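So, here come the structures, one by one.
Next, two complexes with chain A in common: one pairs it with chain B, the other with chain C.
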Partner chain A sequence: MTRDSAAPEVRVRDLTVVYKTPAGELPAVSGVSLTLTPGTITGVVGESGSGKSTLALSLLNAVQPPGRIAAGSVEIDGLGDVLHLGGEDLRRTRGRKVGYVFQAAQSSLNPLKTVGKQLLDLGRSHDVADLRALVADAKALLARMGLDGARVLDSHQHELSGGMRQRVGIMLALVLNAQVVVLDEPTTALDMITQATILRIIREVHEERALTTLVITHDVGAVAEVADDLAVMYGGRVVEHGPIAEVLGTPRHPYTQGLIRAIPRLSGDISLARALPGRPPTLGTLPVAGCVFRERCDKRMEICETVEPETVTYDGRTVACHAAGRPAPVKRREYA
Partner chain B sequence: MTKAVRDRPRGTALARRVAGHVVRGLVMIWVVATISFVIIREIPGDPVQGMYESLLQKGMSPDQAERATAVLYGFLPTGSLWDQYVGYMWSLLHFDLGRSLSTPGVAVTSLIGSAARWTVLPVLAGTLLSFLLGVIMGVYAAIKRSGKLGDLLALSGSLLHGIPVYVIGLLLTAIFTTLWPILPSGGPVDVAFVPGLNAGYIGSLIHHAVLPVVTYTLASYGGWILAMKSNVVAVLGDDFILAAELRGLKRGIVFRYLARNAILPLFTILALSIGMLFGGSIFIEEIFNYPGLGLLLVNSISTRDYALMGGTFLVITVGIVVANIVADLLYTAIDPRVRSGEAA
Partner chain C sequence: MITGTAITKTFKQRGNVLGKREVPALRGVDFAIPKGGAVSFIGESGCGKTTLGRIIAGLETYDSGEIVIDGTPMSSLTHRNRQPYYRRIQLIHQDPYSALNPTRTIHQTLEAPLRLRARQTGRSKAWCDVRAEELLDLVGIDPGYVLPRYPHQLSGGMRQRVVIARALTMDPEMLVADEAVSMIDVSLRLGILGLLRDLRERLGVSVLFITHDIATARYVGDEGELYVIYRGQVVERGPTETIIADPVHPYTQSLLSAIPVLHGLERPGAEQVVPTEALDEGQTDEGCLFSRRCPFSTARCESERPVLGHDGGESGEATVQLHACFHPRRRSVIPQGVGA
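After this line comes the complex of A and B, so read on.
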């Protein structure tokens, strides 16, 4: 773990994002608090619709309509509350300060322009004086990721493979020396070998450049490869958060336990892997009161029906569950 | 940067593509010419033979009648079908389309040439004007699609797209020549002026062209705005636009990404409609009594002027074939995916 003073801390506090639906405004993310420790990679896992991508977009104040950030703050060291940025300030932050690797990096490039021209567009948008140096940086980054920089810069999107496009996406997020990088599903839709390569690259570049990185994925296995910390999301809430080895080793939330049980093992009986019963909630089926996970929970209690579990922190880990035992004196250690 | 390295293979591929198109286009033109020859020769009541015989009946000697017919149609009526075909093709190669029946003695080419003057400019102006207007308004309608202005623009598109061109033409005529008579009702130019580069003549030309051009613009504007709006909406939903915004690209650059991707499919339609303009616009030319290609075609049909008909068809064919080639080359120039031959 490289802890570098240059890496900024990211503090998400009580973030609530709602989506406008025919049934009114429904929360996709409700009251999420999450701190990204400087210089670490934090993984966020969760099923489809758990609010992962919405959380990721919130870090750039880029929630798309019909979504709307209803409450909360996203503080980044040196930038202040991103949610209060707008117009040109916000635009300059995106790309330059916070790099974003798109969920669908396969199609995140303009099909009509070469990668090089889009790189120059990026440089001009952020008033880079020395475009030559920018191109050199880009080539170095691409070479770092095992690509022929000159050739890639001279290519159009359709001339690149999925893994190559993904690396181009990472290059574009890093080339302006952003210190915070958000990767939304960076390995989805890639084959196993490419996945492993991309994850290795993320880890290496992260350590080289002393970044604060957020990796969103639904693949627990993938995130275990790279992350230092792990946040588990369910129904728009962070239900558990802590150092990855501890979260995966001794999961406290029944949902985390279920997720880990659902992973098939390479050795041993495949039938040991048990899928979580039921389906993840959608915006419309989220319970209004009580615990959002209770419908699928094997430790369900009476209190879960009416009271939403508070997020408690102890031993450097947070968990939001009535069933997860709370130690007598609550230590107020910041790890939200 | 390393452009030169890549341009070489691209250059030869382009040359091969152009050559292929030219060959296919020539074959197409030859097929249409052959069909129009066969139609003129084999149509019931054979106009060539009929002409020859009617001249005989008028008391001409067979020799004279044969020569007179040959002058009109460009080939001898008495030879074998093959001889006639060869003769027809030979004169075609010399840009000789025969002579008109309805305007006796005048070469078909010169009739088409003088009609083209009255068609090409107004229809070209109308096409380009409606394209520009439709594209700009389409972008606007797409961006403001959730507001009143967007609804209004889309509605104007649907409405104008739905109204037949002759209704628009007649409505405009009624308004601007009768209710509020500020524009001439028909004809290409005021005969009082001496043709030439003088202000009066040119002013009169423009004055007379206003109604046809506006009619044409309004008639095709609807299609452009609707197509552009749906393209822009589709591209707005594409991932790379959001990705560009998340990379903090300037608004102007994001807009260029959007516009270029949305307008691309329209260029093919534009090139084709410019090709179609050699057919003239029959309704508009009828309504405004504009002596263009459309009117020429209608007149040739009603007077059974087969040589003129065949010639007009041939010109329309050539126009469309050339437009097709231009459309494809244009696409090659602006869409890199076509250039490398991945997507056709």
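After this line comes the complex of A and C, so read on.
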């Protein structure tokens, strides 16, 4: 397929991001390796403090002090290692090559300027020669997402609903033809029906424009609706990664298993669902040695106290757990 | 037992040259919350569910209608004489981060309302300390750890438990939980929902659960009742499990269809109801409030407004639940489990 050849691959290797705290520099992301297959949507799920937003910012080399990228590389096809870019090169990359849809679209838009003015600002800062064509592109994109382009461009952000702002955010991320798009919590604080619409738009636009997309969220349900691959983060590590139906259908890491069990569901036995014991770690409470999940884990062994589990790959899935490290026959399931 | 009849509320926005704009938040809502029961209000933001919750908790006035608490109509009482009734109803806020005073320890946070309660019931100061520990035990956190700490030292789940403990200081008969789990980490959500269910069973406290996430409503307890609210009107009402399994109103069906499917664990129901494109615009006050977005709307829906009843449709299909629709039809929209 043509779109697969056009979309770039993103390779994150041994990425470590530390934050300066009174207790010294503590890792929010620790030795993360993750490959985004060209033309796919990868979902990253994790709870607060799992390092998922820090990982997303690293793709733009945009981690702000007191944070610092301490080690690793982020290679994007056609761009090289983003972490080695600086100054003007980096500024041009952001927006034109890598689009970013921010967590709260309402607070990422300028309240004093109309959407159209902000679009022109974006065009000028990226030396777009034909601003008329840019506006036409923006209108087409907004129309594609079910909005009246002319009206939206004339509006201030307070005149738009949450779902409309989110679509404006997606438009601004895509209008310069970025091929890698990062969406940080794209549906948080949206209503159910609006969320379903936004998720459908993300999926459709992704396919039409041959993108490589990363969706960061805490909502397993939302990501299950759009993603091809799923990466599960806990305590700054990717503990499991693989095709979404397989990760959800036959989770191998105890955290993934617990997380799926903890989702309130519309069908099935209520008594089978239970919360994970304990609480999510913060920077200060992360154990220094051993497995980061061991305190909440029901499969804890002696080795977990001292040795951090290595990431093992088999059948196209990776998992970092001593208890799940051995390849087992994969149970086949039928997917809808 | 708390009942409400024909509650209406209209918010008047500040005027401009074109005159005042009136926003109807509630358009004649009836409800009944039995003692020890679990009632859930479901709807999108702006549908009026939070306003209704605040009215029930006595924090908001209403324009017309009547609220009756344990047989006493509230309109017959003066503001002062209503206070003892509203003590029995306590609100749990959505955001456990801003609901607690950051400059007070948990001990101080619980002590103030307990002192008041001690005065009301003629108990000693010493009782307050004992009671604070009892309450924290009840909500499942270690009093020794929590009492001397400040809110910022606790996780979101623990803070929400403290907020619930604080609501319990007043010995309420009902808790109004407004989006009580939406800010809590996913792995801890069921813990809070389980606590609310537990309080119902152990203390006989009734729970009014306000949420946009239908799935969480199932976990507040069995025999719960669900109210689906759309633009200030109850459009469907009935036992929680029945409405989820057999929704008849197209709005309920589109809400349920919008819930993401966990591929690999579930598959979508056979008949999905996809809401029409115009999400944000083209709302009308003529006829059925949902008619513009409804895929099954007919000429009648645009001129006449259906009322909540057992069958409002020409199909004459009788249903267990109440609904406000001219063309009610059961559709199978919820995700089906894939064999284990």
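The rule we apply is simple: the second predicted complex is superposed on the first by the 321 of 336 C-alpha atoms of A that agree within 3 Å, B and C clash if a C-alpha of one lies under 4 Å from a C-alpha of the other, contacts with A are read in each partner's own complex, and residues count from 1 in each chain.
One rule holds in what follows: a residue touches a chain if its C-beta (ideal position, glycine included) is under 8 Å from a C-beta of that chain, and two chains touch if they have at least 3 such contacts.
For clarity, every value in this text was computed on a predicted model and none was experimentally measured.
Undergrad: Which of the two partners, first being chain B and second being chain C, lies in contact with A:Arg124: first, second, both, or neither?
TA: Once the two structures are laid over each other on A, A:Arg124 reaches chain B alone.
Undergrad: Using the superposition on chain A described above, determine whether A:His218 touches chain B (first), chain C (second), both, or neither.
TA: In the superposition, A:His218 contacts chain C only.
Undergrad: Report for A:Gly95: first if it touches chain B alone, second if chain C alone, otherwise both or neither.
TA: The first partner, chain B, only.
Undergrad: After superposition on the shared chain, which partner residues are touched by A:Gly146: those of chain B (first), chain C (second), both, or neither?
TA: second
Undergrad: Name the chain, either chain B or chain C, that contacts more residues of chain A.
TA: The partner with more contacted residues on chain A is C.
Undergrad: Contacts for A:Val181 in the overlay, against chain B (first) and chain C (second): which applies, first, second, both or neither?
TA: neither
Undergrad: On the A-aligned overlay, A:Pro280 touches which partner chain: chain B = first, chain C = second, or both, or neither?
TA: Only chain C; A:Pro280 stays clear of chain B.
Undergrad: Looking at the overlay, what does A:Val17 touch: chain B (first), chain C (second), both, or neither?
TA: neither
Undergrad: On chain A, what residues does chain B touch that chain C touches as well?
TA: Overlap of chain B and chain C footprints on chain A: empty.
Undergrad: Within their complex, state which residues of chain A touch chain C.
TA: Going through chain A, the ones touching chain C are 47-48, 146, 161-164, 191-197, 199, 218-222, 224-225, 244-250, 258-260, 262-268, 270, 273-276, 279-280, 333-336.
Undergrad: Once bound in the complex, which stretches of chain A touch chain B?
TA: 60, 62, 64, 91-96, 100, 102-105, 107-114, 116, 121-122, 124-126, 150-151, 153-154, 156, 158-159, 169, 172-173
Undergrad: Mind pulling up the chain B residues that touch chain A in the complex?
TA: Against chain A, the touching part of chain B is residues 1-3, 6, 238-240, 242-251, 253, 257, 260-261, 264, 334-337, 340, 342-343.
Undergrad: In their shared complex, at which residues does chain C touch chain A?
TA: Answer in residue numbers: 44-45, 155-158, 185-191, 193-194, 212-216, 218-219, 244, 254-268, 275, 277-280, 334-339.
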